[in-house]
Every structure is written in C-alpha cells, then in structure tokens.
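I have a structure I would like to understand better, so I am pasting it below and will then ask my questions one at a time.
The first chain written gets the first letter, and so on, giving A, B, C and D; residue counts start at 1 in each chain.
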C-alpha cells in the first residue's frame, strides 16, 4: 500500500517537475510509431551530433542565467569567433587557430561582463538589451572581417583539413568527437558548479545579489566568470559548428540565442537565477533537438516547427511560474 | 488641387521620356560622358552573394565613369524602401535594386521614377504589370534555374530515381521561384521527390540538419539531392559523409556557382552547380546605365545566361571570387 | 555655485541623451556636404520612421507600466498579413483591418494574461510569442509575400490628402496625440506610471494593478497591429518576415529616448525622439555620410548598447549617490 | 439602520491572524467609537500593524468579524475599504517615488480629481491645509523623509474618510511638523472623523487620544479612557512583565578600544565618529530613517562613502567592500533578512556557510563535509527549528531564519558583530537566546554594535548608547545613568538645546 502511494507521489512530483518532458515523450512515441526509423542507431548518432554546438552554447548560457543574467550576444559571438578562426587557419594553423578562437570567446565574455558591471545594469532586462546591441556589433565586425563572403574551409586546406574534419566527423569508440567534447565540458562545468567556491558564488549571486554581496561573496567576479564561461563555450560551439558545416556565414547563428535559452529553460533552470543545473540543460537541449528531429521526420514544415517552439517556450515558463507561485 | 495635377502630368511625360531614353534632352546634354553617382541597394549585405554583387558594383563602376554607393537593406523591406528614398535624396543618377520583396519596393521605385532617376532591377524583376517603373532588369532567371535543376535530374536518371529537395530560406524570392519552377517539371517525370523542406535561413547548418533527418528517414533510397544553394549543399555533403554514404555515387545539384559549389564540383562530390554570373550581371547593369545616361535605347529585360558547371565544363570557368 | 549649475546642466543633458545624440549627428552632418538637410530627405526620414514610431508609442505604454513586449515586431507583420489575407478572400477592407486590430489585441492579451496574472518574465514569454507568430505568419502566407488584390487598401498609407503623400505622417501625429493623451491625461495612463513606479504602492493605493497592466499589453498589441496594417498598406503586401528584429530595436530606441527599463519613467515625446534618432536620423545620416554597411551595423549595435548602458549607469549613480 | 447610527463606528470581534511561525493576532476584539481618537499601543511586534492591514484589506484575516458603520466587512482589497470610508497611513512609506507629490496624494483617482490640473490644485490645497508647503509638481523622490510623511498624511486625508488609521505617523517628524500634525488631527476630530492612532510615543497618546487599546503578543490586554490610566500603568500593561527578567545581565567591558570610526561622511551621514571597546555592547537609538543602518552599512563597505577612517586595534584598515570588512573581523547582520541576509530559495546549510565560503574551500574547491559540519553545529548551537539542514530557508519561521543568518556570521568568528534589528519579528524566547549570545561574544573579547527600534532592548543590553538624528550622532549616554526619556529626546534631535542649557547651567 504505502509503497504504491509513494510511487504515485513520486510520479506526481515528476509530472509536475517535468511536464514538458512528458509532453516530449508523447511526441517521441508518436514519431517512433509513425516513423520507425526514429529509433535507429543512425538517428541516435544524428541527434548526438546535432546536439553538439547547441548544448555547448547552452551550457555556457546556463551559468549566465544561474547568475541571474542573460547573454543574447552568443549569436554574434559564435559568428565572429568562427570568422576569426577561419582567418587564422592559414597563417597559424588549425589547432592554434582553435585555441585563439576560444581565447577570443573568453575575451568577448569578459568585455560583455565589464560593460554590464560598469554600467550597473544588474537586471536581466538591461543585460538583455545590452547584449543584443553587442551581438549586432559582433556580427558587424565579423562581416567587416569576412567582407560579407562565405568563408570556406575546404579551399587551400586539403592538406591540413584534418583537425577540423576530426572534430566534425571523428569518433572515439561509439561517441562522436563533439559528444566527447560535450562530456568533457559537462564534467568540468558540473564540477565547477557544484564543487567549487566560484561555482557556489555564481549560484548565490543568482539567488540574492544583495545578500551575497553582504556576505562577502565576489558577485562582480561571478558575473565576469559566467560571461566568460559563456563566451568560451560559445567559441567551442563555434568550432564544432564550423567543423561540421565547413563554411562560415552570418546566417549560421541566426536564431541561436532563442534555441539556447529554450534549452536552458526547458531543462528547468529558473530564469530568475539561483536555481537549476548544467545537468538539467542536457535534458533541455535534448528536447530542443528532439522537437526539430521529430518534426523533420514527421515531415512537418518549418512553419509549424516555429509555432510549436514558441508555444513550448511559453508553456514551459508558464508551468514554471505556476509551480513557484 | 489643379496646379498639382498639371505638375503630375508633366512628371509623367518626363518619366515616359526617360523610359524611351531618346529625347530627354536634359539628361543627354548634361550628362554625356560625365561622371555620375549610382546606388546599389543591396537586399542584405549579410548574404554572401549579394555582398559580392555589391562589391562588384563598387569595383567596376569606374570603368563606366560611374561612382557606386552601396545601401544595405539588411533583409528588411522597409529599410529597402527608405534606402531608395535616401538614394534619391543624395541625388544619384541611377539606382539598382536587389529587392527583398518585389511588391513592397514598388512605391519607392515610383518615387525614383518621379525624380527622374534611372532604375535598374537586379537579380529579381518587378512583378508583371509594373514594368514601367524600371528602366531595365538584369539578372538570372531563378525560375530557369529551377527548371535546369529538374532537367539535370531527368537527364541523369532516365529510368527514374528518388531524390530529396533542401530548400533555401523559406519565403525568399529565390527559394520560391527555384522550388516553384523545379516542382512541376520534376513531377512530370518519373523521378520521385521523397521529401522537400525549406530552411529558416540560408544556413549551411540548417541544410545539414535537414539532410541528417532525411537520411534517417529515407536512408539509401536517396539517389540525388537538389539543394537551393551551393553553401547548403556543403552541409548536405557533410551529412552524407557523416552517414558514410557515397557522395560521389549520388547526383547532387546546387545553385549559385559560388566558391564552395565550384570546389565541390572540382572535388567530384557535387555534380552540377547552376551558376549565376554576378560579374556579368553587374557589368551589364553598369553598361546599360551608361547607355541610358548617354541617351541610347536599351533592352529592358536582360537575362544573363546561367552557367552550368559540371566536371566536364569546369575548365571553362574561372574560379569565382565569392 | 557655478559648479552646481554645470552639474545641473550635465544631468539635464544626461537625461536627454537622444536629443544630444541627434544634435551631435546634425553637427557632424553640417560639416559634411550631404543632402541630409533637404525637405525631401526630412520627409523620407519621417515616413520611414513613422510606422516604427507608432509601434514605439505602444511599446512605451508597456514599458512605462514596467513590462516589455518583444513580440510586437511579429505582431506587426502577422497582423498585416492577416489583413491582406482576409481582403484577398473577399472580406471588405474595413472589416479586414478591424480583424487585424483585434488579432493584435488578442496577441497582446495572451502576453498580458500570462505575464500579469501568472507573474512570468515578460521578455521570455513575448520572445516565445514572437517565434510562434513568425511561424503562424509564414503558415498563412506559405512564407511568401502576399499581394493585396484590392488596390484601394493601399490608400490607407499612400493616399493623398492635401495633395501630399503624407498619410503615414498624419497617422503618426494622430497616434502621438492619442497615446500621449492616454498616458498623460487619463487615469488609466497615470495608473500605469504608478504601477511601473512602484507596483505594491499602486496596489495598496487601490489601483487595479493587474487589469491596468493587462490592458497596457492589449493596447500595445492593438497598436502594433495598426502598425502592421499601415505597413501592409504602404507596400500593398503582407509579409511574415518583416518583423524579424523589430521588437528589439523598437524597445532599444524607446529606451534611447529616455523611457526607463525600470518602469514608471518615460513619455511619448521622449520615445518619439529616441525612435526618430534610431530609425530616422542615425541610419539616414550614416548612409548620407556613406558609411560602409558593416561599419553601420557595428555602430548601431554599439550605440544601442552604449545608450542602454548609460541609462543603467545614471540609475546606478542615483542609487550610489554619495 | 440602527447600527448605522450607533456610536460604535468600527467593531472588531475575535479577529485572528497567523503567519508562518507567528500568531500575530489572537482573538482580538476592539470597539471604536464614532468621532474619537483611539490610541493603539504595544511593543514592537504586538500585532498593531497587522490588525490595521487587515482593516484596510491588505491582509486577509483568518477568523473573526469586522463591522464598519453597521455593515459587516468582507472586503479583501484596499480599494473597497477606501470606498467604505476607511483610509490608512501605513507604517512603511507608501509613495511612488517616480511620480509627483500631487499625483501621489490622489494616486488611483486621477479622473475623479479632474485630471492633471485638478489633481495638483486640490493636492496643493490639501497640503496647505495641513501646513505642508510643498511644490506638488516635485517628484516624491526628491523629498525628505518627513516631507514624504506629510504627503502620506495628505493622501490619507484626501479620501475624506469616516475613519483614518495612522500607523506611527509621527515616527519621523520633526517637532515642528509634529505640531502641525497634532493640529490637523484636532481639526479632523472636530469634523467628526474617527481616528485610530498608533504610536510608541506615549506623550502623544495622552495628548491626542480619548481612549487607548493596549496590545501585547497578539492579544488585546485592555481598552481604557486615557484619562483613567497613568503612564506607568500603560507601560506595565504593554510590557506585561518586569523588565529585569527579559534581559540577561549586561557584560562588563574592559575599556580597550577595538574599533574606532573617524568622521564618516556620506550623502546622508555627517561626521560620524565613535569608539567601540572590547567586550562592549554599543547601542544606537534613532527614529526610522535617522541613518543608523546607513552608518553600519558604510562601515561595512556595503555603501559608497565620501570619506572616513576606520581603525581596528589602533591600526588603520581600508574597507571598500564587505569582503574587506570581513577580513578586518567585522560581521553585519542586516535589518532586512529576506532581502539582504538570506538566499531564500537555498538550503539552511548553504545559507549558514555563505559568509565562510572562502574558508571552506581550498584551491577554490569546496569542502562539503566541513560545510555540513558547520551547518549542523550552528543549527544545534542556536537551536534552529528546522527538519534538516537541507530544508529551504524560505520555509522556516522568521525567528529561525534570523538564527540562520546569525549562525552564518558567528561562523566567521567576528571580532565586531554588528546587529541591525536582530530581534525584529522574533518571539520572546528566541530573543532571550540571542541576548545570551550577544553577551557571550562580548565576554569572549569581541564587541557588538546593536541597532534596535525597541528601546528597552537597547537600553537593557548596551553598555553605552549613542543617539542618531538626521545622520548625526547627537549624544552618548550610559543607559544606567540616564532616563529613557532623555535619550529619546536626543534621538528626536531635541537634545542639543538641552545640552546647551545644561552647559550654561
């Protein structure tokens, strides 16, 4: 008896906590019935690979949101980093270019945070618009550098194409390289979030900036760190992105920010900051990928996909608000 | 009331003369051989092909004793209209419009005509019935590109085949025409289009993701892919590679003739790119402008032939700059 | 004494950043020979910014009440699409326009309901709404521009009164007056200031805070739809892609004008100045000065980020006043 | 109909109200007569404001009936109560800072007042009538606290209500403004308006009120005619117990200076200087907004300062942010624990460890087992009532939340513990525990700065008391040698003249 009741209540909490997850499961079940190929290993690999750039950026964004902020400039950053890396491949070689790109990601994050801290834009809404402006500027810079051209990796690179090809297509055992990068990132970031002083500081900053500051928590350093993490993860995302697509255009990152925020929020990280986890974002990102994967397999047009994505975002926030009130 | 009307009437005749380009005494006398400023109104400088076209205008204008300014409509129809107006305000002699939305641009074109400016349509023409709002059109026929693509498939697969279509940016003029012209031709053949999906943007990554999913869904049934642009086809090839499918054994068709497309044809992965010759298009536009400025009559509709770049014909082409 | 005055003047200037920015821009332009200061160009600038001004007035209502609605851009485009779609299906113009306005109101109401009655973050809800609307708009139009068959519809925006094509400017002036009147002279408007200024105090003072804030969203939605109808009429076309970045830029412009993010502070005239700066002067001036397209983008982004950072900075100064 | 004309305008019967952890009102019954000024007194936390908030519809009662003007009140919103003829001046200022004075007076009634012009004209007239000479177009943000209070009063008067509730309206008024207020109240009384007047200043109660109700710990103790009760009787009823038992014996201090603050200046503070000795508990007394909180926040590096010097053990230390202050051995328990002391959505454990996080980590990595130990130690030591240390702080009662904050700071091993309203919203038992703790810290060589609005608390716990008025320190007293009255007078800024007089005498 008691056991049953407990099971029931666990199910209830799960249902409450993960209503969206259940919704997605329904979608998955429908898809696998209508389109049996959904359950093939090919599709799993497929999902694993599409998951790559999105989850990497989303992990970074998770920290920004945990600290109570938001970063819309991932769109611009991703493009700009890709352009920089592309430009550097010839002069300094592929692997150095990757590292310089990652360093630039950190730099952009650092810059974003400084603008926010210096101006005292300590609410999410302010950060939203400032990073939007910065995103536009980053895209503009990227286009100034690339002169608006598609930058193509395969040209003059046949000899040294391998490093990117390895990132884009390589496997270690059953796992794609991008998945391994993801595992590596999640390990470090989860450790950072749950085990380190700065990770806790980030959480406290998101939970209550004022109280945290009074308690001697370095809130400004936390803000800088989350934006830098986001920048670095975006840069890694950019590298995985370009190694898959092998080209760089400004179209590559349009709409990225909404997908990323969608992933973080659907995972159950609280938009107001302080609550949530990078682990949850994995679920969120998986959901985002599954939505488009399922819909593509079901042959649903891009229009319906947009409508659904927006609606899911609204419903997720709404449910979250209901849970908290 | 009355005064205005006469003024308007006068303008109308003026417009007429410009279009016929014979008897506009003012223009011919004053501007023959003189340097004139022209404005290229780019639909979206974020789009590589359009940015390339813009740069061509800037480079080659001086060959025709012209000076080019570029306006960026950034994919926005409002901005495009206001760019035209700003060009008018700057007193340019000619504008070339690479439209985001051919209907939305018409009122602005009317203003340009009213101001006595030469109007050239670039890449996409005005809708039927509005031809007198422009002096000439230079471009490739996107409908033709769709038809060529379909014909290529039909020629390659005389016994029929199964293919998929990865479309360009949903709602973009080129995407609409390429798909619209491809579809009836291919459906009259024995080739089956398994699936067709457009992208949100002209984004390689989206083409890749869609192709990924097509592969899951149709697997080895896919014998060919029509992708609306070469950059997208790059993604398609990546997806096929990743799935371990033999790209060389498949019939892949793209449009644009951009660096990636030509390179892919060279590599033997892509079988055909239907190239748009932007160089020719730009030069032709400038040439026509000079002619109109010099008072000559010009043909109003100028389709620049498509270049069909295949492994066989690849040697005839100079490697593109975009 | 002198020092105090300087401080005061500085703080006044800080509060009128947009005016300052406009003046600076004008000075730069005055030293460069451009055609900026022509009546035609002024008219161009005003007509171009007019629709954004109107929608921005609606955004001001929401912002003053301490909310934000990023879906206005897509609300605009989809309402326009809807109006054209209905007309093309033989609905009379007036009824079609009415339906579009109602649609805009419903969108605003959904946003308002979820934000106000369920205490959610407005920007993320409205962002989601925006994505859905884009999909809906593309669905209705099949992602292509739809042309209004009934040309009478075009008269709303392009018709001539007093022999000048200035309808949009008249609309803007009328909406300016109406929204300004609402915000400044009605109890609804004043309540919104109270709600944005201090939600709890407003509640304690017997203001129905939820209903008022809800109606702010509805009104902003209706106004966005009006903007959409005017846009569709201006171009004779409905296009779901028109509003891609509109929401962000409009709100940025409104804040540039001096309406505060924190709510409770702001006015229609201030917003008008900000909107004219961002949509009229800034872009126009950069084109007149022939700034490279990409540089324009960088500058616009930096200006938006800077002005908003300045807004935050001045509030930080007040908070930390030593 | 009968009732309507009866001389009872408001009848409160058996009203109850509980907050998590606190029974704020327990079977409260009061009858208010038509046309009287009815005083309401009681210690902090007695439930006065809670009762008034229930009357005005801001809070919902748990049980009981309220009859106003013959009709049973069911309303749940401030609007309805205003419509019925009750208005209230809240204890915390209730003005929209971004709006003008005039509009604040008539907030929510713009149209009824005839638009912009009408609002301002009428507001001007109203403010003039209470002797407040303010520009109605000025933003409230630019007013001083007492000016804001006058706007509040005007706002309450504007409803032309039959009953006006004033919850400590005088707590931040200057004597001059207080006189005006008294005149206004008398004026209202003549017009037949009923007033409920809450104040901690018994003089005012005796001057203004016909009758007075005394509350303690959520109960009504007594209602009497002011003419029938003496001041001492009233205090006895308010406190209900002899003061000696409520506080432990104060520690002795050995006289060595531990902390010295020299000429601290901010926007609000003027030249604040004082010394704190080892083993000493130093009390700060002042009105709401006097600047006590600002003084300690400035010392702690939480706010910007214009200039100051802080010495610890005679050595100058630089404190630019709370971290510096903590390194210097300071700890600050803020007055607003929910906003500034706790992260409500976090567990007890994480809140306790918050201030000691850097000590809990090595090379930036947290030692979780130490963290757990720490939390358990404090929960046990302070007797925090919580199911586990993994319970969210938001679900604890106020007193226990306060202990969590305190525990966190104790873990930092502070030499100077600054307590800003440490017992606000805490029951008597818990208070005593906190007092003992203070004593313990002082006796073990630390020192304490205590800010409290409860005068008995400051007077009984402190070795020395400083009065703060308008950002200045206006006096220093030994609570054993000075009367509370005298101290209060200094806290009201009236002490300076007296001192002059003393000196001349």
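FYI, a contact is a pair of C-beta atoms (placed from the backbone, for glycine too) under 8 Å apart; a residue touches a chain by one contact, two chains touch by 3 or more.
According to UniProt, the chain labels map to these proteins: A, C = ABC transporter permease.
Bear in mind the structure is a predicted one, so any value in this text is a computation, not a measurement.
Chain centre most remote from that of chain A: D (centre = mean of CA atoms). The pair with more inter-chain C-beta contacts, choosing from C-D and A-C, is A-C. Centre-to-centre, using mean CA coordinates, chain C is 44 Å away from chain D. Averaging C-alpha coordinates per chain places the centre of chain B 33 Å away from that of chain C.
Taking each chain's centre as the mean of its C-alpha atoms, chain B lies 72 Å from chain D. Listed for chain C are residues 138, 143, 292-294, 296-297, 320, each touching two or more other chains. Among the residues of chain B, those in touch with two or more other chains are 45, 54, 170, 198. Chain pairs that touch one another, listed by label: A-B, A-C, A-D, B-C, C-D.
Chain C makes touch with chain A in their complex at residues 68, 114, 118-121, 123-125, 127-136, 138-139, 143, 248, 251-252, 255, 261-262, 292-306, 308-313, 315-316, 319-320. Against chain C, in their complex, chain A makes its touches with residues 76, 115-116, 118-126, 128-141, 143-144, 148, 258, 261, 265, 271-272, 301-314, 317-318, 320-322, 325. Contact residues on chain D toward chain A in their complex (touch as defined above): 300, 302, 321-323, 325-326, 332, 334, 339-346, 350, 354-355, 357-358, 360-361, 364-366, 368, 408. Residue ranges of chain D in contact with chain C, taken from their complex: 58, 77-79, 82, 90, 94-99, 103, 107-112, 115-116, 155, 266-267, 303-306.
Those residues of chain C that touch chain D in the complex are listed here as 184-187, 190-191, 193-194, 196-198, 201-208, 264-265, 320-322.
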